[in-house]
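The structures come next, written out as structure tokens.
Next come two complexes, and both contain chain A; in the first it sits with chain B, in the second with chain C.
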Partner chain A sequence: MNPYILATLLFGLGLGTTITFASSHWLLAWMGLEINTLAIIPLMAQHHHPRAVEATTKYFLTQATAAAMLLFASTTNAWLTGQWDIQQMSHPLPITLITLALALKIGLAPVHSWLPEVLQGLDLTTGLILSTWQKLAPFALLLQLQPANSTILIILGLTSTLVGGWGGLNQTQLRKILAYSSIAHLGWMILVLQFSPSLTLLTLLTYLIMTSSTFLVFKLNKSTNINMLATSWAKAPALTALTPLILLSLGGLPPLTGFMPKWLILQELAKQDLAPTATLAAMSALLSLYFYLRLSYAMALTMSPNNLTGMTPWRLQSSQLTLPLAISTMATLLLLPLTPAAVALLTL
Partner chain B sequence: MSLPKISLPSVRLLSSIHHHQQQLLLPSTSPLTGPKRAVSQGEYRRPGQPKVDKFPWQPINFGFSKGFDGVKKHLALLKKEFSDRWVGPQGKPILEHMLEQNQVLWEFRGPESLEQWTVSSDQEIGGQSEVHLKLGKNQNTCLLYGTLSSTPPRDGETRYSGYCTMRSKQPLASFDRKKHYDWSSFNTLHLRVRGDGRPWMINIATETYFSHQKDDIYNYFLYTRGGPYWQDVKIPFSKFFITHRGRIQDDQHPLWLDKVNTIGFTLGDKADGPFQLEIDFVGVCKDYAHTEEFAYEVYKRNPEI
Partner chain C sequence: MTYIMSLFLLGLVLGLVAVASNPSPYFAALGLVVVAGMGCGVLVSYGGPFLSLVLFLIYLGGMLVVFAYSAALAAEPYPETWGSRPVAGYMAMYVAGVVLISSKFWEGWHEFSWVPGDELGEFSVFRGDIGGVALMYSAGGGMLVISAWVLLLTLFVVLELTRGLGRGTLRAV
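Up next, the complex of A and B:
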């Protein structure tokens, strides 16, 4: 892509999210979300492959619907309460509508069906941007809402964890697996939103780091399905040894970083007398763990049939920048001991 | 004031009117003898369209037993879908999915294998080619045979004609939902055919989204060699180019293998006469030595100033 256009689009992405972060008026927040959508559309469709255009169209339609719902809900709130402030929403109807609109924006169940298809049609870099950066702005708005709709948040959260677990079970395409993992993690974030928004933020940030690691690993191996991942031992043996740990961190196993949000969320849910919810969420995390384990199995615990007499590619250096992968991998694996510091830092 | 009564004329009167109508070319006034072509098809029946002599609801079987069988079949398919999920992706255990390097998709070992294919020729537009599909000797292969005729139909607008094709049916899940083939672990199409020297075209249709992409098909050639010896043809999927309604597109893209709908074979080589193609099996395989991603034009064609 023309570097000027690419720079403009990336700047637009950053601008949209920053506007939403900095806004206290609903219209400005909506504007930031729209700038985000419009900036990422050309990035998604840059390869002009029919599947990429299909993914772009589906993304645009869902995001536009969500933005329209958001606009409608904020207008209703202005009509009912007389002001446009984000943090002063008091009427339950606009709050519910906005929660649903933001759920559609980020891909929570039951409005999640667009996410696997859209991610599948994109290349890994754009998929990374979609899974990480595009979640920040809607969460900035969700974190500022007054918690007046406890039931719907719990339903959204539990449905997302379950759908994310079951949907990803039989996938062989890596992008769809990551889409379902994204849905599951978003479910965990929403579960605890009304009790402790700082925990939601913590989960979001750890999820961003873990997902970035995973996407970057797949990008380095140039793999888009499980079988392609199985030959990565010949390309980057050190990374093949670390990737199961990254995937287990996504699954939420101690002593890796991914355990931190799950542990704190379960603790918070138990404090709020929601033990059955906590149990159900923990069990559905097992479903997600199954497909992460399957990926680790395919990658590191088996040696797939391949062209053994071919050149061992690990002797050649990859042309891809590996510094972001190195940093995010270390953050994905080693941050659990810093839990008290993280909690103190993120207490809103 | 009451409306005048309309009564049915007697049968003799009807036949006499019909007889006179043929002589005098008057429009028929006999009601309820069947749908007139003028009503359902318009004044002109295009060559190739079947003659309509039944009302639209008459061919439909409204029987209860047919519905009951249909429900049983779809519920069985639904149960199979649920149970396949427990086994693994696409109903196979994950180890089998990972170790798979060859997969036979269609092999012609019994009459039910012919049910998965549709044959058609230019008789649909009014041409005179014929095509038939039958099982070969010992029920081991399928034989696609017929006659090509490039006489165009006389409808005033078709200039060329003469094609025959065989296309696999879209795989369907329970309740007639579309299912797709996932060939992303493979990269080569492997056929065992015995032709008669004619050049065939292989068409692969993938799942599309927009309505204008409905006729987007990925094509490649199959040059058969004739003779009594079988021919093993291996075509990498990177060689397939995209066409729309038979015209090669400028904007080429590689074939994505994760949602393939149908495969087909077409003959349209402008040579009139009989043809034969015998197919033993159609499968996909993984060629580790083939690392090409796409065979056509990946460089930028219109560099910016």
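Up next, the complex of A and C:
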């Protein structure tokens, strides 16, 4: 792509999220979200093939619907309460509508069906931007929605963890697996939103780090389905050794970083006397864990049959940047001892 | 005044039905013109002349014209107008639905549940929304700058999506 256009679009992505972060007026927040949608559309369609164009179209339609719902809800709020401030919402109808609109924006169940198809049509870098950066702005708004509708949030949360687990079980394409993993993690984030928004923020940030590692691993190995992952073990042995740990961190196993949010969320749910909810969420994490284990097994715990040239490739210096992967991998694996510091830093 | 208002609203709903009943895009665009025109009439009477003028100028005079030219590029030999069987079926269904639902709101206290922007003083441009316009151009100046930048970004996005002729994103171009 023309570098000037690429720079303009990336600037637009940054500006959109910044505007939403910095806004206290619903119109400005909506503008930031629309700028984000607009700027990522050409990035998604840059590889001009029909599958990418299909993914772009689906993404545009769902995000436009969500943004229209957001605009409608904020106008209704202005009509009912006379003001546009994000943090002063008091009427339950606009709050519920905005929660549902933002749920459509980020891909929570039951409005999640667009996410696997959209992610599958993109290359891994754009998929990474979609799964990480594009979640920040809607969450900034969700964290500020104060008297939230309790039932809706718990239903969204539990449905998302279950759908994310069950949906990912039958997938062989890695991008779809990561889409369902995203849905499940978003479910955990929404589940604890009304009790402790700082835990939602913590879960979001750890999810961002873990999924960045995973996308970057797949990008370095140039693998997009389980078969390609299985035959990539010889390309970078250090990575092959670390990838199971990254995937198990995504699955939420101690002593890796991914355990931190799940542990704290279950503790918070138990403190709020919601033991059945906590149990159901913990059990649904087992479903996701199964497909993370399957990926680890395929890549590192088994040496898949391959011909000689596949098993002994030249390990030349990669032309891709490996520093982001190195940093995010270390963060994905080793941040659990910093739990008290993380919780203290992220008090909202 | 009530008569004109009822006429405008009836035209609005019929125009919406004409768009939603899925005819060919040229006829749907005509429906949109009717909807926008009638909606502007309602807005003017209830204190929103600025919004009405901007709607005519930008929506009808800018966006709809561009849409009409794009639809003309994709012309089809047998366009489906409102007389053809499936479209007429949809229209009948929508009109029936509107009559059914609105019959719940014909009597009683619903008759007085309109919320006007201000009282109908005179037929002029200086009405209730002028205060908001002044605020938009003074305190909201930053937002206008961002809006202008977003429009430029949209231009670049559309140009990027449509460049390349047959090898680009939209192969039919």
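In this section, the second predicted complex is superposed on the first by the 344 of 348 C-alpha atoms of A that agree within 3 Å, B and C clash if a C-alpha of one lies under 4 Å from a C-alpha of the other, contacts with A are read in each partner's own complex, and residues count from 1 in each chain.
Here is the rule we go by: a residue touches a chain if its C-beta (ideal position, glycine included) is under 8 Å from a C-beta of that chain, and two chains touch if they have at least 3 such contacts.
Quick caveat, the model's predicted, so the values are computed rather than measured.
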| item | value |
| --- | --- |
| Touching partner for A:G12 - first (chain B), second (chain C), both, neither | second |
| Which superposed partner A:H48 touches (first chain B, second chain C, both, neither) | both |
| Partner chain(s) touched by A:L38 [first = chain B, second = chain C, both, neither] | second |
| Chain B versus chain C as contact partner of A:A230, first or second or both or neither | first |
| Partner chain in contact with A:R294 - chain B first, chain C second, else both or neither | first |
| Which of chain B and chain C A:M260 touches, first, second, both or neither | neither |
| Intersection of chain A interface sets (partners chain B, chain C) | 2, 48, 50, 53 |
| Residues on chain A engaged by chain B in the complex (per definition of touch) | 2, 48-51, 53-54, 57-58, 120, 169-173, 224-227, 230, 294, 297-298, 302, 304-307, 310 |
| Residue ranges of chain B in contact with chain A within the complex | 85, 88-90, 94-95, 97-99, 101, 182, 184-185, 208-210, 213, 216, 251, 253-254, 256, 258, 288-289, 304 |
| Interfacial residue positions of chain A with respect to chain C in the complex | 1-2, 5, 8-9, 12, 15, 19, 27-28, 31, 34-35, 38-39, 41-42, 45, 48, 50, 52-53, 56, 79 |
| Complex contact set, residues of chain C against chain A | 115, 143, 146-147, 149-150, 153-154, 156-157, 160-161, 164, 167-171 |
